[in-house]
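Note that the chains are named A, B, C and D in the order they appear, and that numbering of residues resets to 1 at the start of each chain.
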């Protein structure tokens, strides 16, 4: 493992200090916790709080700021934060109109966030949650933990942040969140695994000429391993999966997010985006919102994910577009 | 080589199409060229034009947009663009007040841009240029090609773009540019080399436990190779070099840029930024402008660079801070 | 019956066992999860042991509540809320006048199932808790029963937690949470509480 | 003396030689530069050959000007403007009534030096151009003279271009631009123009 770090057990603590140093005008750290709060308050508005394991930078803390997240709770690398930290974030973030938790669909995250919800309710803070499960790589069935939450989460953060700022109530936000999440689907491909600092070894090993479709952002297994393909072929595979899942029609409107997984440079992301755009143009899909970059990463994993978000209402596009003040959006 | 690309010889062409697809509202491609132009014009203002080899994404084209670059000329990977392309960019970008070229200090870049300047003068367009040479890794002497232009270039783009928008004349801009460049210094460290798609092999090879101080953004040799150190030790080495070069005093004001070289994730960049901030705080340096991210990359090179910019005038800080509309700033 | 002293002893033994087996638990998790179960559990149980050593406790409920809070605020991941919920449930039950060990373990198992919604056979710690509970009711809890319950998770296909993403590939591996729960109950026996 | 026909022949031979030695030129550049000199030169000379084949030329100046523009707009990097400037200078000189081959090569060398500011001994293509020029003036240009000029760059320490970043580590390697310039003049001889 070659990384620019100090002690592996200190990476999250030091990273958060570095982030706050970088964006000192926007955010602060709740003392004694791994909770990042935004400085500018929105009184009387619902506070949107997210979080999860670290290692996905700039997610989650990079999206704290006005118009987006009120707080992010940062767990150890790839490990859900604990209920006390989440509860502390809820308490600090609450502006009197309640708190909406954005949870990614992992057993650990759901259980810790739900317990925090219980704790917060003892403080008489109204809390609701939504669960992002955009990864269509693994089959969804009642016999599994269900689909995972991956890159689409940043679009959920943006939507919820904008809608909260627009004054929606906690109930309205929760309903909107459920609708939005069911309109977002993601699928990815990995070329190499990330290395958790404390373990020092890559999460899985791909051969020099191999890639794997459908790998999760913690290195969870995908659905097929094969020799590396061209960007065009990868674009075809991933858009085929998304077409199957969405069953779209010509002139449907989608937001698109091409997301680098950590070690993949922008050059490759743009080449891939170009190939995807050619396919979607043939399908006559409209793409009024487009974003390319490394937003939901998996440490130094090489690879890419493709997210589409069916824009069922014009309002949704407006909310994606409204400016925010964050480190990373 | 594992990359998400199609034919290696097509990477620049396809990447530029992908970039324009992503930021279609901001930029366009000059047909038949690798020139990216901004859509919004600033009539009567000096146009700031930059460029160089590709492989440094989001530099250069990611900084085209209002308030920053008027155009970027994108050469093949790590190879300067040709005079005809640069001349075409000058012609299209000119808004009647002349064109300032931002050149990085490489023999190839300087010669191609100077020839383009000659061509443009035949069209009676007033053109001047500034040469960025912020890399203090290699000794500057009249017996070499001099210091290289690296990550500090993006701060030069920002300053020149803001000052041009503020209405400075071409002569004023050129003077400002020379002052700004002499106030910016950068030094970096590489953990692994990037791989040029057409060659398919990494530009140099570091052992599993090795790093090299002072490597350039095309894999040019640095000044010392040694076993990988902690982030704190790397921060000390790089700030020591910068302190020597600037000879700063307590309460001097600097802008800081921590730049990832392509494959290094944000987590490491923030940890390193935190270590640098501790050292500079001890030196009582003020850092009113801070930026962390992968802005001047070297394909998939792992590593980091540290740039400091001595803010000799309050106006300079304002120009760094004024909002822009670009893909990547 | 649980007393303040033997409950502390039980949980201290558990912390020591987890510390000793930290790498093995992570190894089990590497095979079908994300390789952090040992790190998670030892972070939590070390904090628990420290908290239990710092205070004088008046009731078993207080001991269990303090233990629960340590685990909850230190483990994280999936096992944190599960062990935390188990111990909160046990603490509540310990407050009842006419309780007994079986009822307390029952409350722990209920807490885990309420939190994690796993059924027996889903290849989780629930499998161990329910087998242990059954044996307790019958007065037949032994190390052998516990070992067997842990081993019995190997042939199962995971339906909850991270291992469920592996589908059939989870078959043939012991569930890490089942193993750590096995340690908990072996320490109950080793602590002489039965 | 240069004619339209033999100038085209000369440059076509040069393009063929560069195409044949593309990998070798890049290998030389890998050692002390960035490994693209072969790719750069072959991209440019292929375009030049194509452009020269497409048109009927009235004067040597037109031939050289067309060649210059092809090289300039296709090579890029350092060698593009250098070869481009050389050929622009040569084209200008070829327009003079009382010119000769020596004056034309002199104009080429001047173009390179004006553009790149390299002095003899800086370990660049200039070293070959100036040695060739000297030999031409003395009427003594041979393949052996050219080879020797190219080889003579090896012991030098680079002071211009990318190789200069290597400092002392550039010693012991032939300069790639010197090698490609050597090809240019060997093709002059092979084309029977001397």
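Throughout what follows, a residue touches a chain if its C-beta (ideal position, glycine included) is under 8 Å from a C-beta of that chain, and two chains touch if they have at least 3 such contacts.
In this text, all values refer to a predicted model and were calculated from it rather than measured experimentally.
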Contact-graph distance - origin chain B, target chain C
2
What are the mutual neighbours of chain C and chain D in this structure?
none
Whole-angstrom distance, CA centroid of chain B to CA centroid of chain D, is 31
For chain A and chain B, what's the span in angstrom between their mean Cα positions?
29
Quick check: how many Å separate the C-alpha centres of chain A and chain D?
55
What's the complete list of touching chain pairs for this entry?
A-B, A-C, B-D
Quick one: which bits of chain C touch chain A in the complex? Just the residue numbers, please.
34-36, 39-40, 69, 72-82, 84-85, 115-116, 159-162, 164-167, 169
Give the list of chain B residues in touch with chain D in this complex.
75-76, 78-85, 106-108, 111-112, 114-115, 138, 143-145, 148, 196, 198-199, 203, 216, 218-221
Chain A-touching residues of chain B, taken from the complex the two chains share
2-6, 11, 14-19, 21-24, 54-55, 57-58, 62, 189, 191-192, 208-209, 211, 228, 230-232, 234, 258, 262-275, 277, 290-292, 294, 297, 299-300, 302, 304
